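Chain IDs A, B, C and D follow the sequence of writing; residue 1 opens each chain.
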Amino acid sequence: MVPLSYYLILSGILFACGVTGFLIKRNIITIFMSIELMLNGVNLSFVAFAAQWHALSGQIFVFFVMVVAAAEAAVGLAIIIAVYRTRETLNVDQVNLLKL
Amino acid sequence: MSVGLFILVSLVKIALVFFILLTAVAYTVWLERKVVGHMQNRWGPTRVGPFGLLQPAADGVKFLFKEDLTPPHVHKTLYIAAPMIAVMFALTSIAVIPFGNWVAIGDTIYTPLQITDVNIGLLVILGVTSLGVYGIALSGWSSNNKYSLLGGLRASAQMISYEISLGLSLVGVLILSGSFSLREIVQAQSGHFWGFIPKWNIFYGGQFVAFFVYLMAAYAETNRIPFDLPEAETELVAGYHTEYSAMKFAMFFMAEYANMVTVGCLATLLFLGGWSGPIFGPYILQVLLPVFWFVAKVFVFMFIYIWVRGTLPRFRYDQLMAFGWKFLLPVAIANVVITALIVALRS
Amino acid sequence: MTPHLHLWLIPLLPLAGAAINGFFGRRFSRQAVSTVALLFSGAAFAMALWVAGQFSSLTLPYIETLAPWMRAGSFQVDFAFYFDQLSLVMLMVVTGVGFLIHIYSVGYMWTEGGFYRFFTYLNLFMFFMLTLILASNYLLMFIGWEGVGLASYLLIGFFFLKDSAAAAGKKAFIVNRVGDFGFLIALFLLIKHFGSLNYADLAGSISPLHIETSAGLLTAIGILLMVGAAGKSAQIPLYVWLPDAMEGPTPVSALIHAATMVTAGVYMVSRSHVIFERAPIAMTVVAIIGTLTAFFAATIGITQTDIKKVLAYSTVSQLGYMFIGCGVGAFSAGIFHLMTHAFFKGLLFLAAGSVIHAVGGEQDMRKMGGLRTKIPWTFWTMTAGTFAIAGIPPLAGFFSKDEILWQASRVSMIYWAVGILTAFLTSFYMFRQWFMTFFGEYRGEQHGHGSHSHGSPGHDSHDNHGHGGVHESPAVMLAPLVILAILSVVGGWVGIGNRFENFLAPVFHSTATISADSFDAPSMSAEPKNEEAGKSTELLFTEISVGVGVLGFLLAWQLYYRRPELPAEIALKLNGLYHTVLHKYYVDEIYAAIIVKPLIAISTVVFWKGIDRGMIDATLDGSAEGAREVSDTMRHMQSGNIRSYAGWVAAGAACIIVFMTWMAVGTR
Amino acid sequence: MHLILFLIFGAVCVAGAVNLLLQHHPIDSALSLVVVMGALAAEYLLLGAEFVAAVQVIVYAGAIMVLFVFVIMLLNAGEEARSGGSRIAWVIGVPGMLLGSILMAWVLLKHSGTGQVEVGSLPGSPQDIGWLLFHDFLLPFEVTSILVLIAIMGAVVLASHAQSAEKKEG
């Protein structure tokens, strides 16, 4: 028997790690992985709630999140490759043409 | 059945299964060399033991005693971890494979001939095999060698591409049997048409197509000819395991053949009715015959593997991808749709 | 069963004309423009005639509801038209006179620029005026009310190149706003206390009320309505705009500033008779204002030398008469005078226009004279008008004015006395004008008349009639003159034997039951004994008023025909008075001093510089400036560095979390 | 038992996540992420969502992460460059994130013990999932399918004339 809050805290930690990674990492791919980490954290809370309230729809959400993550990965990695082709770098700090 | 006994039985089964599996792997290698040899009008291994039957043992010993050298400039941890990952997942996937009915030993032990029967066994297998990719990819990347890298790239690309076709080819069967549990799938195939044609999926509801797709995808998944581009000697020395030697290389080797066996078992379970077959005689026979039928079917599958290897040339990479995406995938999808329609209409 | 008369067509026809001319007139030829204008106004007139034909078969009042306009709770206003005897009279006057003046304008404006514009405005005016008189509730009436104000503004400022014209237009508009202010407040009071603006509902809800012997709600409403009427009908103290309105083309002066629009106030007051009958104090106010205005304007009229100004002041004073009529409760008499006045004053203006036309844009009577033979048609028609206004029987003016004076005398002799005096003055200055214009020898220079009128784009175009010198106007202008002359002669006969009163009786006496006994205002259903006794006195009064008319004629004849040098001497003798009057008692100057200048000063210092510039603009400019500053600093956040963006996002998320937590804690 | 397993896998999760942050080489980060996902699958199993767990492994660990690894290999991404990144991320982002997570934790602990989740407490069997997915959530399902289609096309367009097959895998 595990309190729901434990699961939530775990997912929170994962999410926080994801955010931190997004903030402190410089490699686009790593940043992207941080995003995936956040998604996973959210998924965990979904499943935990589903188990808590005996509502299976929580798991359905997880599937949708996964699908979105997959689509995102496809497009995102494609973008990364395109960026790499043009900028010859994966360091976001050097991909900063979008400023005044 | 008490917990202690359960654990004991499980351990026994695990030991047994792994022993059988490893032996099978070893002798598949032997068989391959023999068969291909004869196909190519050679003898194959003959020196070690009768018909070279001890050749695998010799090879094993050789692998063990060779110098295990680690080239410089490799990503150490991954270089070491990669083969372990590969073999680990290859062997793990056998855990959910049932190879016989339930058996009762005495009146206390009543257990399935299967390490564990999870109701999503098929998914487990798919998951584990899909994880197997890491071994190859990482090995290719970590050994810091352009051939290895190319091999790894090819391998991972090819495997994740064909994984889709593989999975979809199974969906038809799932629709027919309506379960992920391999045991139930097998039980769904018991019985006969018109009394003599066994009610196997391969004969059933157009799953022959599915079987065909599965076969192709399986070859690609296991990097076998005609899809063995990751280790295409003529182009990439030895592909992702160029830099590996001794036991690490052996691990990749084992992983490959273990995968073959797994795939074969899966095909047997899903399309060839698993262990179902004529059963008669005393209880001991009734226990062993299913296992025999199962092994026989897997053997046939293995033989086809080898036969294909001896026969077909290697694809070009773009052909491989085109085949996977432009032919297999549509066919698999069509199969799924049609099967679903049939089932829907029948019910 | 009453036939369905499509009243809505009557206002909409001129509107259609206005629309067509307004949108496409620029590309039309003058013929096309005048055709359209005449066609639609004429159609309106024909429609009015048809309605009049249906009149006998109607059950009055006839109400025609087109569509609901606004509903707020129980308060409801519809687009609805209201038709009864009063509406009919106004309808005939407006459409008829309007149509005639349209015809006249074709000739008069032919050589002017902006021909199509003129007729667009004219038709537009017709539309609004008809809306005003056909409205079934005060709000719709107010629309017409404002609309005619707009049309009048546009038409007064028709020669907008002339500063004086533009200024006059603005003056008219602004002065009218003052009146509208009162009118609006009256409407608000009505809504507040009676929850409706429909004539019918109001009559129903007010008639049971008792007479207010002391000032009360109805008194307030009445007085406020009177303020509005004073604005529109140029009564003291808001009459100042009308003389200046003469800047507009003469037909406009005839139509709007003599015949129709300025009488809207009278119409409105009579329409509100239900209220006034129960507010004696308001009635008295109306009467007094009317009396004062009548006399005051008449005195000014004496000294004016501009032919149109004279007529303008006479208009003001005649309107005063009408208000006297209303003020003493003789609404029908007021309406009667309204009608006849529409005839002869319209006639006079048109004739004056014809004269001006003849002498090539000259408006100063001192430069005229001896035109009798040169422009006989104009002369004779003008004569009819003059005699009519002077109250010489049996012309129209006599009947109506006499009726009003008679009714006034039954309320208070003061009204009567002043009225008689005014009648005398009226006839005097009218004949003065008559003599100065048509008799004696021509004082203007024969040729090159135009030298002193180049200033006005409105008039100097009259020069380029091919032949120089004085010339009669074209037939298209004379025809309306003749028709109106006939009307001015015979128009009054409908009043003989109270026929006109009896005709309007159902309108004004449907609700006056209570007032008849408790209020001494003369009621059309006057007691028979009173009637018997009245006959003789009425005869006497009639004789007196005729007498003063003749007297005025004689005096004018003496001063301006026999011995034309005399007026100058008189003027010299009573110099101060003369100049005071000549300068219209300096009213404009006084207004300028006590109202306009302070207003401008306040507006400039406080509202414009202080509030508008200092506060409103300052805030706006300041905020804009601030936004620019802020964004200028903020845009450095836009580093183009993904991770800094991410940082901001994280911070924002944190803020949201803090907020939500705080909320949650707060709620618990 | 459940608690122990939870703690074990949770620890693995957190370790992986932290490792993802600490590693300087993308591939190490990727692998640690795979570990996280595996552990999460185990957590799902604890929660009785076996199907979700399987899909987690197959889709996330088996497909998406492989894709990541593949791209890393393809672009031959090296060690993370020590470019003096953006101060704002550090100055504002990290503190904000910390603040936010601390608050969250506080709230959660305040409400801890609201509910107990026991093993296999709800039927996460494929049948139930499928039923929900294809009856109650049919429309979202179709919509997401379209989304995926668009994503595929977008990926193909973006990475055209190179490795389009792998992008499609996503």
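As a convention for this text, a contact is a pair of C-beta atoms (placed from the backbone, for glycine too) under 8 Å apart; a residue touches a chain by one contact, two chains touch by 3 or more.
Being a predicted model, the structure only gives us computed values, none of them experimental.
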Pieces of the assembly after leaving out chain D, positions unchanged: A, C | B
item	value
Nearest-to-centre chain - CA centroid comparison	A
Centroid distance [mean C-alpha coordinates] between chain D and chain C, Å	83
Whole-Å gap separating chain B and chain C, where each centre is the average of the chain's CA atoms	105
Distance from chain C to chain A - Cα centre to Cα centre, in angstrom	78
Length of the line joining the C-alpha centres of chain A and chain B, rounded to whole Å	33
Numbers and ranges of chain D residues touching at least 2 other chains	51, 55, 63, 67, 72, 74, 85-86, 89-90, 93-94, 97, 100, 104, 163, 168-169
Residue numbers of chain C (touch at least two other chains)	639, 641, 643, 646-647, 650
Junction residues of chain B - those touching two or more other chains	none
Touching pairs - complete list by chain label	A-C, A-D, B-D, C-D
Chain C - residues contacting chain A, complex	635, 638-643, 646-647, 650
Chain B residues touching chain D - in the complex, by the definition given at the top	75, 78, 118-120, 123-124, 126-128, 130-131, 133-134, 137-138, 140-141, 149, 152-153, 156-157, 159-161, 163-164, 167, 180, 321, 324-325
Interface residues, chain D side, partner chain B - complex	27, 31, 34, 50-51, 54-55, 57-58, 61-63, 66-67, 69-70, 72-74, 76, 125-126, 163, 165-166, 168-169
Complex contact set, residues of chain D against chain A	2-3, 6, 10, 13-14, 17-18, 20-21, 26, 29-30, 33, 36-37, 40, 43-44, 46-49, 51-52, 55-56, 59-60, 63-64, 67-68, 71-72, 74-75, 77, 80-81, 83-86, 89-90, 93-94, 97-98, 100-101, 104-105, 108-109, 111-118, 121-124, 128-129, 132-133, 136-137, 140, 144, 147-148, 150-152, 154-156, 158-159, 162-163, 167-170
Chain A to chain C touching residues, read off their complex	19, 22-24, 26, 31, 92-93, 95-100
